[in-house]
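Note that the chains are named A, B, C, D, E and F in the order they appear, and that numbering of residues resets to 1 at the start of each chain.
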Amino acid sequence: MKRLDLIFGERELDAMLKSLEASNVPGYTVMKHVTGRGPERVVSEDMEFTGLGANAHVIVFCEETVLERIRANIKPLLSYYGGVAYVSEASCL
Amino acid sequence: MKRLDLIFGERELDAMLKSLEASNVPGYTVMKHVTGRGPERVVSEDMEFTGLGANAHVIVFCEETVLERIRANIKPLLSYYGGVAYVSEASCL
Amino acid sequence: MKRLDLIFGERELDAMLKSLEASNVPGYTVMKHVTGRGPERVVSEDMEFTGLGANAHVIVFCEETVLERIRANIKPLLSYYGGVAYVSEASCL
Amino acid sequence: MEPSLILQNVLTPPVLFFFLGVIAVFVRSDLEIPAPLPKLFSLYLLLAIGFRGGTELQLSGLNGQVIPSITAAILMSLVIPLICFIILRIKFDVFNSAAIAAAYGSISAVTFITAESFLDNQNIPFDGYMVAPLALMESPAIIVGLLLVKLLAPNNRPRASKIKWRKILHEATLNGSAYLLMGSLLIGFLTASTNPDTLQKMEPFTGKLFYGAECFFLLDMGIVAAQRLPSLKRAGSFLILFAIAMPLVNAILGVLVAKAIQLDEGNALLFVVLCASASYLAVPAAMRMTVPEAKSSYYISTTLGLTFPFNIIFGIPLYMSLVNKVIPNFG
Amino acid sequence: MEPSLILQNVLTPPVLFFFLGVIAVFVRSDLEIPAPLPKLFSLYLLLAIGFRGGTELQLSGLNGQVIPSITAAILMSLVIPLICFIILRIKFDVFNSAAIAAAYGSISAVTFITAESFLDNQNIPFDGYMVAPLALMESPAIIVGLLLVKLLAPNNRPRASKIKWRKILHEATLNGSAYLLMGSLLIGFLTASTNPDTLQKMEPFTGKLFYGAECFFLLDMGIVAAQRLPSLKRAGSFLILFAIAMPLVNAILGVLVAKAIQLDEGNALLFVVLCASASYLAVPAAMRMTVPEAKSSYYISTTLGLTFPFNIIFGIPLYMSLVNKVIPNFG
Amino acid sequence: MEPSLILQNVLTPPVLFFFLGVIAVFVRSDLEIPAPLPKLFSLYLLLAIGFRGGTELQLSGLNGQVIPSITAAILMSLVIPLICFIILRIKFDVFNSAAIAAAYGSISAVTFITAESFLDNQNIPFDGYMVAPLALMESPAIIVGLLLVKLLAPNNRPRASKIKWRKILHEATLNGSAYLLMGSLLIGFLTASTNPDTLQKMEPFTGKLFYGAECFFLLDMGIVAAQRLPSLKRAGSFLILFAIAMPLVNAILGVLVAKAIQLDEGNALLFVVLCASASYLAVPAAMRMTVPEAKSSYYISTTLGLTFPFNIIFGIPLYMSLVNKVIPNFG
């Protein structure tokens, strides 16, 4: 089983979730109000009121095969809007 | 060393933590206001004011042996109230 | 590639981030308002207004070599102020 | 007469802001009121109506219509869940039926507040002590709901979840919103008894600010209600029908009881609204803990997504004309 | 005259609280106003000025200066982005130029509010209906910005991001802050038309509380603005110059138009402030979604980090004396 | 006389709401006021008392009791930590002793506010400028605490944590709550001097709303205080005794000083309350950063869990009768 960590701008959350659903994920978990720094942008909490929002951190636990579908669907979004995605091993408790 | 990720309804947080303490965990970390979707339910942030709350995400770093105890204690809670639990490998920095 | 999870008091966040930057991390993600329990202290959300704050959870995805630098820089901070750091394997999606 | 009443009701700021929230969801605006701001307004409204109700209860004393109103209200919150349960059992299992029944036996404080604003607008007098029945209708409905589960649930319910008396009483009286409402009522009562001078120092917060804060909260309620609609569709037509028809049935029961205990026009409307409204605060919170077998989307999407908007928009003026018909007005 | 006006402006609570926030960042105090509290105040201010503007629009009717003001305002929000775009293209690509241009064509509600407070303080009358132009200047500027991208962006833009008409109109009219402002305006208008009695029940919330809430929000704006300065430095001197000079240019355009449509002193200042201010709410939110190629730090650090403070502190009194010079005062 | 005073104090809304919060924890209600709402009220209260204090300081001028009060207050905030430190060293190491001592040398703004409400209730006049001593007692206590650590800490303290003068002054004067209080005081002072007309525009926010907001915040403080009790138990009986006895000792010192500088009844009570109260805002925040060796649960559970409730409930009326005994009343 795999664990996928996606971190990207909150404003793209709907698009990302739609894309995850299209990949038939068994479920996902979303943490909003996340801040951080990538190679280019610094995202800080104080911009939330402007509507720019902070980052969202989405975790998906899924099988390898689902991950393949996610990769195909999510990669274009990430490369267009920015954001990162990392995979690690996991297993059910 | 193991890393355990638990995601479940905020209202069960006290019961879960009590159960973790009973398993003698060395510590835990809690993130509240987490949303998501499981096989059945969608949990959204806007229901917070109703008292239903969102999800909590609990992380425990512990030894394999502790994990055994947690498994025994937590599984019934998860299967009754819902929620997921995943394990991955980790090591101290 | 490695995934580093740092959990420590929010008030030390600036110092930690400065120390991460000094280690030349490619980026990081910060979740604030995190609570938890370590071997000694219980950190609860209700103390936020006092200025003590809750915990911060910082995630860094980076190469092994960067991790070495982080270890050198962060360890003294953690041992002085408290907090935990765990490493797991990860790979780009 | 009703259409004009409905229009008058719809054209007040609270209802208009509710619509603004609903429409925001329909047109997919990204307007959102992030947590925990709705909680802030929810806590504020409970504290304020509790406090004001307590002071007015003290001023009016426990004579006259107070005791009958309270008694009747508690009775209704015991009877209504039973009726609902029987109807719901046609389609749902014990768990879901009991949870939804408890929600409809209990009350919605915001519906009550909107009814008060409506009366204000129509210049119809009402008594502040009607907050006491409001505060006292949450617990009995929860108790009935949990009792139904305890007594009628299939025997193969996992042991861990056997509901104990202690837990029933705890959830019924001590969940956050019921506790805050009752507590504020008590504090208002005590303050009015011993420190009437301080009442006017509370007034800007609990009184003056109230109407605007109500509007702000209803904006959020509009968003939340509209977001429940998809899961309502999934719940099926039986539940949709139930969420509209049951308030009407309860309103009719309510108006008969109101007539029987000889409530005035204004108080009668409030009493009817208590009967017709359904809880989305105390009851769901209690049910989630004690009856996790029930699907929360059922009791939340009906109460919040349909019954609440229906009452706010059509219900209140409808119940008003019902009251006018049934209860002769000696204005 | 200007120095004394500036001093008078600086010594009012809103501007002083803004400074308090700015200084907090400079001296590295750990004062912070955690999310979502700024959002609470931002939503509140939009709701309140919208509602009040709507009621005053109803009271004044659509005659006199209302229609010319609105028409001129919409025109300005179409023209200003074009001018800005041409200037910005000297240094920036189409994406960044269009995004920044849209921000400067749009408005800043808090700058507008501060200008109203300034007029109040100077005992200069102005009309509440000027909120209507405020509400109507956001959408056209966004549309122009997105059109510029649609028409002038290089062809190799990835397909997925081709902006469609639907999306342009959606972002322009339905993003949260524009929607709330317009909606509250409408609700205010409707309430004043049909239920004038309830206006005074809203007054403590939308009126009395306003000035203090404005101060609290400006405290946060001070913190936020000062935190943008480092990224402003990185943006380079061209953008820094632009962020100061462009408001002045727009103010001069604005005062000429105000004279042409014969606005009174007070309304003229508000009109000029609308022209000179730049958006950090609706426009950035819309651009982030539709033109992710533009660097958000550019349009945010200029509007929030420089133009906003400049307008709040120096701009408003400067524009006032400009108005006084250009528009003869028949006081 | 005290029992009746205590009862009168307990039966005011702020104290009753405090109790409501405490009881919520004891009966395990799930009432909670989620972060950052308590922060909102905390920031609001600091801003409001600062602003009001500043305006009253301007109105009263710097003559009469102002300078002596401020001087005495600063002196007390230097002396009290030293006394506390000596006592605490019986049981605790330098780090913990210094941190707790600093907390008791500093003040609790909410205790001060509650004392003002108490005086209001008793119709005893007091001067608004007493906020100045309040604002000025935080920094000296922090400085003394950090100096004690700097001078007396064992040599094996890790190098990284050597406290530098710069850091001491920074933490003492620029931590969020001290900064906001001082800044608002200054803004109030400046506004009253230059723009007295705007004061009444602030009044609904900083004045009228205050009492209710205080009640809401005390509800949360009740919850927070009660939640500290378990860790207080773990802290041991010495600290529990200290948390009750030390305020009394400081109150006696305070009343003697108040007599010496000839404060009136009302101001004397406020002065005593400043001496007797302990900080749970500025000092813990500063200590956490600079003396992480000290256990935060020690200084937080004593100040918040015991000293604060004690002062709010028993302390204020007790100190009042102390003042009445020591300072002859020429009413």
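Convention: a residue touches a chain if its C-beta (ideal position, glycine included) is under 8 Å from a C-beta of that chain, and two chains touch if they have at least 3 such contacts.
No experiment lies behind these values; they were computed from the predicted model shown.
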item: Per Cα centroids, the chain farthest from subunit E; value: B
item: Farthest chain (mean CA position) relative to subunit D; value: C
item: Centre-to-centre distance between subunit F and subunit A (centres being mean Cα positions), rounded to whole Å; value: 45
item: Interchain centroid distance [CA atoms averaged], subunit A/subunit B, Å; value: 20
item: Gap in Å, rounded to a whole number, between the CA centres of subunit E and subunit C; value: 39
item: Distance between chain centroids, defined by C-alpha means - subunit C, subunit F (Å); value: 33
item: Contacts with 2+ other chains: residues of subunit A; value: 11, 31, 33, 45, 48, 51, 88-89
item: Overlap residues in subunit D, where contacts from two or more other chains coincide; value: 30, 32, 34-36, 39-40, 175-176, 204, 208-209, 285
item: Subunit D residues touching subunit F - in the complex, by the definition given at the top; value: 35-36, 39-40, 43-44, 47, 51, 170, 174-176, 179-180, 183-184, 187, 190-191, 194-195, 197-198, 201-202, 204-206, 208-209, 285
item: Sites on subunit B touched by subunit A in the complex; value: 4-5, 7, 31, 33-39, 45, 55, 57, 67, 70-71, 74-75, 84-89
item: Subunit C partner contacts - residues on subunit F that touch it in the complex; value: 32, 34-36, 38-39, 41-42, 158, 160-161, 175-177, 220, 223-224, 227, 231, 280-282, 284-285, 288-289, 292, 295-297, 300, 304
item: Subunit B to subunit D touching residues, read off their complex; value: 9, 11-12, 33, 41-42, 44-52, 54, 76-77, 80-82
item: Touching residues on subunit C, where the partner in the complex is subunit A; value: 1, 3, 26-33, 59, 61, 88-93
